[in-house]
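Just passing along the structure, written as structure tokens.
A, B, C and D label the chains in the order they appear, each numbered from 1.
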Amino acid sequence: MFQVRIHGRGGQGVVSAAEILSVAAFIEGKHSQAVPSFGSERMGAPVVAFCRIDDKPIKLREPILEPDALIVQDPTLFNAIDVFAGLSKNGYLLINSKRSIGELGIADAIHLPDDKVRLVPATEIALKHIKRPLPNAVLLGALAATTGVIKIDSVIEAIASKFPGKVGELNIQAAEAAYKLIKQNNQEELTC
Amino acid sequence: MKNTKPYAITLDVGGSLLNKTGSWRTERPVYLDRLPPCNETCPAGENIQQWLYHAENGEYKEAWLEIMKNNPFPAVMGRVCYHTCETACNRVQLDEPVGINSVERFLGDQAIINVWKDEPGKPTGKKIMIVGAGMAGLACAYHLRLFGHEVTVFESSSKPGGMVRYGIPKYRMPNEKLNAEIHRIQDMGVNIELNTKVDDIVATKEKYGCEAVFLSTGAQSAKLIDIKSDQSVPSLSAVEILRGIEDDVDTGLRGHVVVYGGGNTSIDVARSAKRMGAQSVKVVVRGSQENMPAHYEEINEALEEGVEIVPLRSITEIKKGHLVLEKMIPSDGDRPSPSGEFETMEASVIVQALGQNVDESLFENLSELSLEDGVLDVDINMMSAMEGVFAGGDMTPSERNVTVAIGHGKKAARKIDQWLQGEFQKDSKKNEIVDYSMMNTWYYSDAPRTIRPTLDVVRRQTGFAEVVGDLDETNAAFEARRCMSCGNCFECDNCYGVCPDNAVIKLGSGKRFEFKYDYCKGCALCATECPCGAIKMEPELI
Amino acid sequence: MAHQQVKFYQTGTLTVGNRLLDAENRTVQGTMDRSNSLDSGHRACQGCGEALGARYAIDTAMRATDNKLIACNATGCLEVFTTPYPETSWTIPWIHSLFGNAAAIGTGVAAAMKVKGREDVRVIAQGGDGGTTDIGFGCLSGMFERNDDVLYICYDNQGYMNTGVQRSSATPGGARTATTMPVGPEPGADFDKGKNVPLIAMAHEIPYVATASIDRLHDLEAKVKKAMSIRGARYIQIFVPCPLGWGSAPAQTVNLARLAVESGIYPLFEGENGEITSTTKIRRKVPVEDYLKPQRRFAHVLKNPAQLSAVQEIADRNIRKFGLLEE
Amino acid sequence: MLKQIEGSHGVAEAVALCRPEVICAYPITPQTHIVEDLGALVKSGKIENCEYINVESEFAALSVGIGSSAAGARTYTATASQGMLFMAEAVYNASGLGLPIVMTVGNRSIGAPINIWNDQSDSMSMRDAGWIQLFVEDNQQAVDMHIQAFKIAEALSLPVMVCMDGFILTHAIEGIDVPDQKQVDKFLPPFVPRQVLDPEDPVSIGAMVGPEAFTEVRYIAHKKQKEALDLIPQINEDFKQIFGRDSGGLISTTNTEDADTVVVTLGSVIGTIEEAIDEQDEKIGALTIRSFRPFPLEQIRSALKDAKRVVVFEKCFAVGIGGIVANNVRMAMSGTNIPVYEVIAGLGGRPITRKSLHKLFKDAVKDNLEDVTFMDLNKDVVDRELEREHKLIQAGSVAENILRDGGVVNAAKTT
């Protein structure tokens, strides 16, 4: 079972991200379960959503306490909550930021191999493609590129089903851009 | 559908009928007919409420037939009756009395126009003679014909009608109406022998084979007083004057006419004089104007026409074309007293209208019959001291007016019929009179604004048709509809409607209602909301 | 009001029946084949105004709908006295659910009729003033704002009579109830409290609102008939005196309703889409004392000049506000 | 057709397949998505011939439903938590009148303190209201159970509550096999009411019943629920025939046959419990009660007869006595010597984790449980607060004190 926890703020599409991810897994014939952290979220409030992906039916209903991948849609959350709680030593970390780990001041909190940590300028990419600061689809593209737990095509298909039409197309563009960027960075890391 | 309904919670309809709520009752409502004050007071015994009920609906012939049960002269009565019914009318306390008289006149005229007829009863073979073709005599004749008896009326005058013809001026009582109503009676088979004065009742009765007699010769002899006179002013009697007017002879009512007396006849003469071109007409009365016995409406009309009333004067002498009048002092008692002060009044003619007497000559040959206090006494069955001889009208002790006479004629006819059958029947007990307080008059609505003024005019001037004109068909119905049907169910459905327990059964048009005592809880809403007071509450017997 | 011009003014259009009116202008109550929707054997008090008002209204609605009618009843006297197991006095399809939900039940029935393609079947919800102006007010307002095809009839006897005469928001100032006793310096129910639900109903801009009184049957029937000719949410409030709760003689029930109208205490009017479109005029104006006197609940008011004039002021204000006197 | 959809959406689709005629909608978390989705389905014409009514309260929601059901329309609504309490009077009324309404309860706690998260206090508050109460374990069951619910309701002329854990199921997006219309039509015939408001055949529904018949009415209601114990499995069999899934019935069991310890529970927590059981070696089985009302005494007794101990794990409890489900289970076990432990967990949305379950199991197999255990209870906070209460006459709001104790209130005040 692969467990993804997504942190963000209300209005950033955190819950949609978990849903799209679960649909992408479903498209691949896997079992998956997406659940928002439950609350009366308002715009701007910290929000968490979970997604489990497995080859067998998922019975577990507890919150994701030990995620295999952590997506942080908003780096300002580091000041508010312990987003890294339970993150497995071999887990993946995707952060929406143009800055580095050091610049973000979270180096002490992270004990992961470098290749499992990716900083993605997701808001910038979203603004470029979608014209709105919605980093969720972008980060799913990055997740596909970083983890391989899900295929980018599945993510694209899932976005298209969730947001039919123009909005979906723009989100797909943004996700693909992030996917390419990460792949490119990976290539660079390998080559250097 | 099979019964799949849940137990107790869902019920089929009709179940409550098992619950006989009548057991809650301590008082029960009962329908009754109470006597309306109009009916109670009508000297002719008309069922006014009932005929108005028909007229309300435009059923004029039915209404007329209802009148005819008691009175064969609606057209006459509609003109000359002083309608005590209207004075008694409960509607007075709501707004103004129902114009009963004007509706009656309308119905009477309708009957004449449409030649409605009444059929005589199955012949009995019995004969009755009537002396005097005035209202009492003719009414009696009519009712006897309804019973199927043969009737002969003897009349000394050349025309039938009595005082209505000879005592009431034409402007109040046109001849054609009177003639029509008398002809209708004649058409029923009543034989009238005119110009026939009966001198010997017993002989005439035997000659004609009659079994009973009704005397109704009236009171036609003028009561005259002796006034000291130098003969400079002619003195006439009112009876003569009015008869002269009827017979179209010169009555000599010219110049300054002075009528002496305060009754209706006096006013009739005064108003006639005015019509005949008198220069001035004065009515001199001993008492005060308020205490004049004449009908107030007639006095008012007379005053409007320019007749002058001179009250509290006694005529003491006729001298040099003038009358000497003594002023009278009003007193608490019946009669004013002389003052000793005198004045004079110019006069071209003086008419005495001081009352009439019964002609005594009829009884000269009959030892059993004699006048007491100027009238012939009869018992409660209208029979005189002589077996089989009945009497009524002005000659018997009662108020002297046309309506009373007609009532006498009816009653006498019934009593004669009973007497012929061997036994007098007791008059059925009268119902309780319905008082205004027993009614719920809120329900009686006002006349529509558009109709009210016309009605008011007609109502106020009723009895003077020829002065102001008749009700037309629409107004007559409207006026009739003002009747509150006091004490008598007119099927307004209020009881049927206001019962919260559906405990009143409506039986259909004309059949009225019944109580379902199984369910009536005795709340008395029906009795309270009955507009006309035709329901009363009676305690349940314990 | 489309009354026939009074042709038979012996009683005009004031009595229940009127043999001289055209058939179409006669009351349903005066006809021999009225439905008697609320039949004999019910357990209402002697002279119950509500029993009378309910039969008046429902029979009229039955006639107007060719007997295709369903009634939904709030808890209260009307429900209790009509349907004690095993007897029902209703002859029509009828349901009682709860005290405060008659309007919602009506909504549900109307919705069912719509989906069943039976929109010829019409729906009435009904209750007393407690079930309408107080506990049922939420559901009533909801039914109004959705413009559900329900006629709601409130039988207004100005208090919780079923539970033993307590104050409701329809109880008038000064009235004695079990919860507003005539004691202390301001005896009886407080003045300047309570709510006018007909006007609140009009504020919803529903197609039809009317007040009626059991003393004016033609007016009442015309209003129910009119209500049934309209689709959407409708409200009629019928004034129904309660001998038990008011301390009046059973025989006075209709008369009290009449005096309430004639004094101006209970204005009769119609409103359509939020606007007042007609008022029923006072016929013979009476002072409020005439209305108060026959009722024990106001006995103390008659001895209290300040309260008495307060009641008269209410009547006078109604007369001014609704134009209750003929010009 | 298999779809990756939210549980609420799955329920909406299932209800749509049942051809509802009247739907009453009022928002309350966490069931709101269901009526939202139904609204869209009606408005778009995907549900034909259906009145969708936006009511003004839960009380009205069920009241409108009572009216429409009594008038013969297949009726649906949904609620949760405070909404359930607000409609409580109508809940009793619907069953008393015998109206086959189907209502989803998105299970949620009841305040105060107000709390929007999952537990099962709301359904439990109405456990004696005369409704059939069916609890589902996952969203596939939620979908299937709604289809069965209409059939059960209409067969018995009783209302049915389908209880699904709020958020945990209502908001979970997972794979659901949504049946097709033909299948559902085959399974669920059109509604033929037992009683109906009809001018052609007038009846009075909702009479006042006095002492002379009230006991009988209640007894009949009880008998009808008892009959449902036969009918519910039968309808589940019919469902299996057509849809190929076992989604209903009275109970479901996992390894109860050779278990020493059997955990008895309701609703979605069974998933996490099964995972936890799989992760350890003790002989622990599980039993899920699917039909809480009627309560399958016989079936539970029979399934638990060989256990050494029973642990009732429930998301609700009756203040002043303890577990509600446990009480019912004890009745099923009366006369046996098998101990029944009560564990109260997940109140107000507190996560139920495998970690806590493992600890619980360890204690359980050693019979090291108290009669009533509150899982993950923060004992320190409670002790401090109780102590403070004893000292102070006016301690203020318990809820606020606990939060202050945890630093939340102060933090909020300082930021």
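Rule of thumb we're sticking to: a residue touches a chain if its C-beta (ideal position, glycine included) is under 8 Å from a C-beta of that chain, and two chains touch if they have at least 3 such contacts.
Just so it is clear, the model here is predicted, and its values are computed rather than measured.
Note on interfaces C-D and B-D: more C-beta pairs are in contact across C-D.
Every chain gets a centre from its CA atoms, and the centre nearest the mean of all protein CA atoms is that of C.
Averaging C-alpha coordinates per chain places the centre of subunit C 43 Å away from that of subunit D.
Chain geometry summary: the mean Cα position of subunit B and that of subunit D are 91 Å apart. Subunit D has its Cα centroid 34 Å from the Cα centroid of subunit A. Averaging Cα coordinates per chain places subunit B and subunit C 49 Å apart. Along subunit C, residues 82-83, 85-86, 88, 90-92 each make contact with two or more other chains. Among all residues of subunit B, those that touch two or more other chains are 8-9, 11-13. Annotation for subunit D: residues 97, 201-207, 209, 213 touch two or more other chains. Every pair of chains that touch is listed here: A-D, B-C, B-D, C-D. Residue ranges on subunit C touching subunit B, taken from their complex, read 5-6, 8-20, 27, 29-30, 32, 36, 38-44, 46-49, 51-52, 55-56, 82-83, 85-92, 217, 243, 249-255, 258, 283-284.
Residues of subunit A that touch subunit D in their complex: 18-19, 22-23, 26-27, 31-36, 38-40, 58-63, 65.
Listed in rising order, the residues of subunit D touching subunit A in the complex are 4, 6, 29-30, 116-118, 138, 165-168, 171-175, 268-272, 274-275, 349, 351-355.
Interface of subunit B with subunit C (complex): residues 8-9, 11-21, 24, 56-57, 440, 442-448, 478, 481-485, 490-494, 496-503, 506, 508-509, 516, 518-519, 521-525, 527-529, 531. Only residues 1, 4-13 of subunit B touch subunit D when the two sit together in their complex.
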